[in-house]
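Below are two complexes that have chain A in common, paired first with chain B and then with chain C.
And then the complex of A and B:
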């Protein structure tokens, strides 16, 4: 959020995009240097949603910070809860009961589907197709209802506790989730008919703005954006946490099916495929979930031993890591939050050169950048 | 490679004036490197085939009041191992070399550390604030930071909105 000196050429025009702009998914701002319809450079200016969450972490007790983690990524708050809990549990060496781990997985995957639905729903809308958004949001509402019955909240859940979760499943929850999945799976085929195999959509995105695997790693892209670039990497599979090693699922990888590997269509397609994998995980979780406790014994005031821990979860936007430093007092000495959107945002400047303005919008949408995660 | 093997190879490669301290007994293996040699060290662990730390997970600055510690949290996709590289920066003259050339991701990470902790990275292509406005005073993640009562005529105090009596300003000492 600052100004820099820019050299102007005769035919160059600086156009401001955002922070209030229908295609920027929240308060994001770009300073675009354009030559007619061509973008010479789009410089992201961030910070409009900065709430100094890392500073707040130093001021409140360990349990008290959990609701703030919701606000790190309010589109997929469950995974943000989960990452923080994992990191503190690592410091405390707490063993989380199996049932709580499964409940976390169920909540995470429901949340991932809801978040990906927002992503694949708003993507066509940014390109001018409004209808798919309505389809996606209708399904997301049903997931919100399910999560509301689980923890009482629809957006900022505060569901995960350090050492467990806050509530057990209500009566009939498993049946309602599986009924939803039965109804939802065929709808994904309908969604594919509507947009994934739509010629206009494919022509528009195939081969647009490919990001190579090497570049994606160098810029620290994570999650679906990294997988779309052809890298088979998923924390749930490769560094499993909770009980992800007990469920079976595939890792969708970008294969350049409509253009080049790592293009905008691949980034869209990987998310569609991940929704299906999440459905698969959810079905297994509902069958495998054991009986038992949902909360380990954790003191009301946590004072972890001196030390530092980094724990990461596969959030909807990729690796979300919490680096927690403890000085054996009631409050964390420092919490650093690593988010997927921050790195995704940083790659836009180098990728935007020579794009059309409308394609810049597609690039931003394909990276699924969410403003609170960028600014924290 | 196991954490122990990795650290012993590193201490063999670099002498004690570069790798000052290391440990593999905590939750994560870490090394503390001399701040002058940080670029050389990180470039080595990124490019050497035995380590190949191709992914800079995060870059965290921590204010320890006598010095500022920079943590480079590294991960290798090829080997699946991790390492935290630490270095201490003088708090009076907070300068350190940029690693933007090694991992482009560091460009924004370093700007964030500059913004919130006031450490300047030498050789960085675009060293300006990233989250806060250019004319913001101070660096909020410093432990001795106190927020100004107003910014450009806008109050940062809560009673301005509610008309309630002045609330005590929260500081790290109050909280602990």
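And then the complex of A and C:
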């Protein structure tokens, strides 16, 4: 494993953090060089969750790859489905029916809320407060119930199809979603009372590890991590896909409310604000969704014309892009997946210098790194 | 001590008369002959040992066990779930089952560990906790050893914990354990300073280190409680004591030594089975001890805490109600307080089933009834025991409530709090109390 040469000093202790460690949320590993409590450097070692998903894409047909995309990011699988579908549709130049686009948006936003709930729930847990996690997961369960009634699965949905979606909304789905949103929004205020305005929480995170806008762009950070650094960039707004140009929402940006712009608290707060924006989008989608088809005409065995395409969606952890090369056969020639967690992982080494061990845990949690996205 | 001497004399007399009544050819005669020659001092030592271990075993073990049950129920309520309710009535016997489970688990000692120190470490913790209980006055007549330097003894003995934790962390041959142990050593040694100074304030006021004297000083009800004795100073000292004590027993927000999200499990990472269980018995015993010392030094100890009827109603309603709430309904009561913003702690509030109104009225009635009853019966030793236990458990509950609500501090922030805030504050308070005493004498 040891391809990286590490210079050793006499007073340095090397601690192995992970792959099984409570705060790494999955199987991440950090070789941590410390001087007592002080971290000199935390070197991420990836590959513990590698499942060769990109290679599998070359072995199965275009439709058959869809279930594997669930596993790219199993915390918010809808967006992973969506990105792949978009990319292949671009190759095929397929027009997706409006209703399917709205259904995809509803599913995406529900998933984004669920994913951000995990993020903001595990964050306090990494700082020692266990209870908010339980509250967040309780709400996530309700979202899982909703998605289960939509597509029959609770974690790996396989809901989006190339050219549409697999099922239409069941009866009463819209009412149940809006009922959920009605009881969910005040709960977010309670969540704020409990943890976002907690003094210890703010003391711990305010001004911790600020990532400047330039640095964030240089490391290729995307999504909430980039927006927390003050960069207003959201694919849903700036390169709209599906029907995001028909709904109205704001892009929350880090403002350094408890320290500096781009610190750990901003990364937390942007996610909290994004949950509220997603609620707004969902309400509009439920009203605007048109009647009609949910699936365009797509052949059973897809053989796209020779060429390549790249399409990206704004996933819960930022831009998730699928680069698909077709050689006009029934399998893709190459599929490359670009995920947010991978670039977030790369910034940890440079940012970890001089942190406390406790802060390193907070930094990892604030970047919302999800292990399957890193390795794929 | 007098009771014991009387009991031993009675025992020796009984032994002598029984030996006299034996017939000449009884085979037991030589045996009883030897027993009769045992001097009184030895009997006294034996009886002290027996009674002390009886009291410790019969009080600490159930207290620690019951506390784990309370902790699980409180945590359950705060986290919008139920908590253990299967074994025994409402899950009360869960801790016995847990104990049996822990004892039947493999006792694993990691490779490269210092086996002797590894085995020794939990006993230091247990020893520290149990020895502290020896001079805690649980109630009228219920104290193992009423020594005249009680507070000093408590501070000294409770420091044994840090040796146990250091040994555990060092001998485990695990870097996470070592980090936890180092944190713990720094933390406990630092917080001894404000803790000791905050306990000095009642000692100054009473003029004695004895816990019995502290108790007697507060015998005249609510108004004589030491927390109100020297204006703002004792009041501040009480809170400083409580927060420092939280750091002493490594509970949230100062649970850095066993921070499970940072150090896996800190100093007890490598422990398993009953050795791990001993760490927990010690932790829960120490939690109760915090409450016990706070009660004795600041809040009237086991004395009937009431001088007049309105306060009688208030205090006992509070204790009784809080206790019931804690055990069976979790912190719903506390959550209702927490709905007001700006309360000191960010409070866990969720939509938990609230009390029905008739039930509240019935409880109110019962608590008034029982408090009047208590007032009448307050000379009965069992009542004083109940008063002490309820007050102490109230603090145990507060500690649990904090644990399931707050995140933890970072090492440097924790040290800041100790050395830059609490220690100077306590210097001011000690000075202030001294001036207050001078002024009030005049």
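What we mean here is this: the second predicted complex is superposed on the first by the 371 of 376 C-alpha atoms of A that agree within 3 Å, B and C clash if a C-alpha of one lies under 4 Å from a C-alpha of the other, contacts with A are read in each partner's own complex, and residues count from 1 in each chain.
Note that in this section a residue touches a chain if its C-beta (ideal position, glycine included) is under 8 Å from a C-beta of that chain, and two chains touch if they have at least 3 such contacts.
Here the structure is a predicted model, which means the values were calculated and not measured.
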| item | value |
| --- | --- |
| Partner chain in contact with A:277 - chain B first, chain C second, else both or neither | neither |
| Touching partner for A:219 - first (chain B), second (chain C), both, neither | first |
| Touching partner for A:373 - first (chain B), second (chain C), both, neither | neither |
| Touched partner set for A:334, first chain B, second chain C, both or neither | first |
| Residue contacts on chain A - larger count, chain B or chain C | B |
| Which superposed partner A:233 touches (first chain B, second chain C, both, neither) | first |
| Which superposed partner A:129 touches (first chain B, second chain C, both, neither) | second |
| Contacts of A:55 with chain B and chain C, given as first, second, both or neither | first |
| Chain B versus chain C as contact partner of A:37, first or second or both or neither | second |
| Set of chain A residues, in rising order, touched by both chain B and chain C | none |
| Residues of chain C touching chain A in the complex | 78-81, 175-176, 179, 182-183, 252-253, 255-256, 259-264, 341, 346-350, 404-413 |
| Chain B to chain A touching residues, read off their complex | 26-28, 54-58, 60, 62-63, 71, 73, 77, 80, 82, 84, 103-105, 107-108, 116, 126, 128-134, 140-141, 170, 172, 175-176 |
| Chain A residues touching chain C - in the complex, by the definition given at the top | 13, 15, 21-23, 36-37, 124-131, 134-135, 138, 190, 193-195, 197-201, 203-204, 356-359, 361 |
| For the chain A and chain B complex, residues of the former touching the latter | 1-4, 46-47, 50, 52, 54-55, 58-60, 90-91, 217-220, 231, 233, 238-239, 307-310, 312, 319, 321, 323, 325, 329-331, 333-334, 336, 338, 342-343, 345-346, 350, 375 |
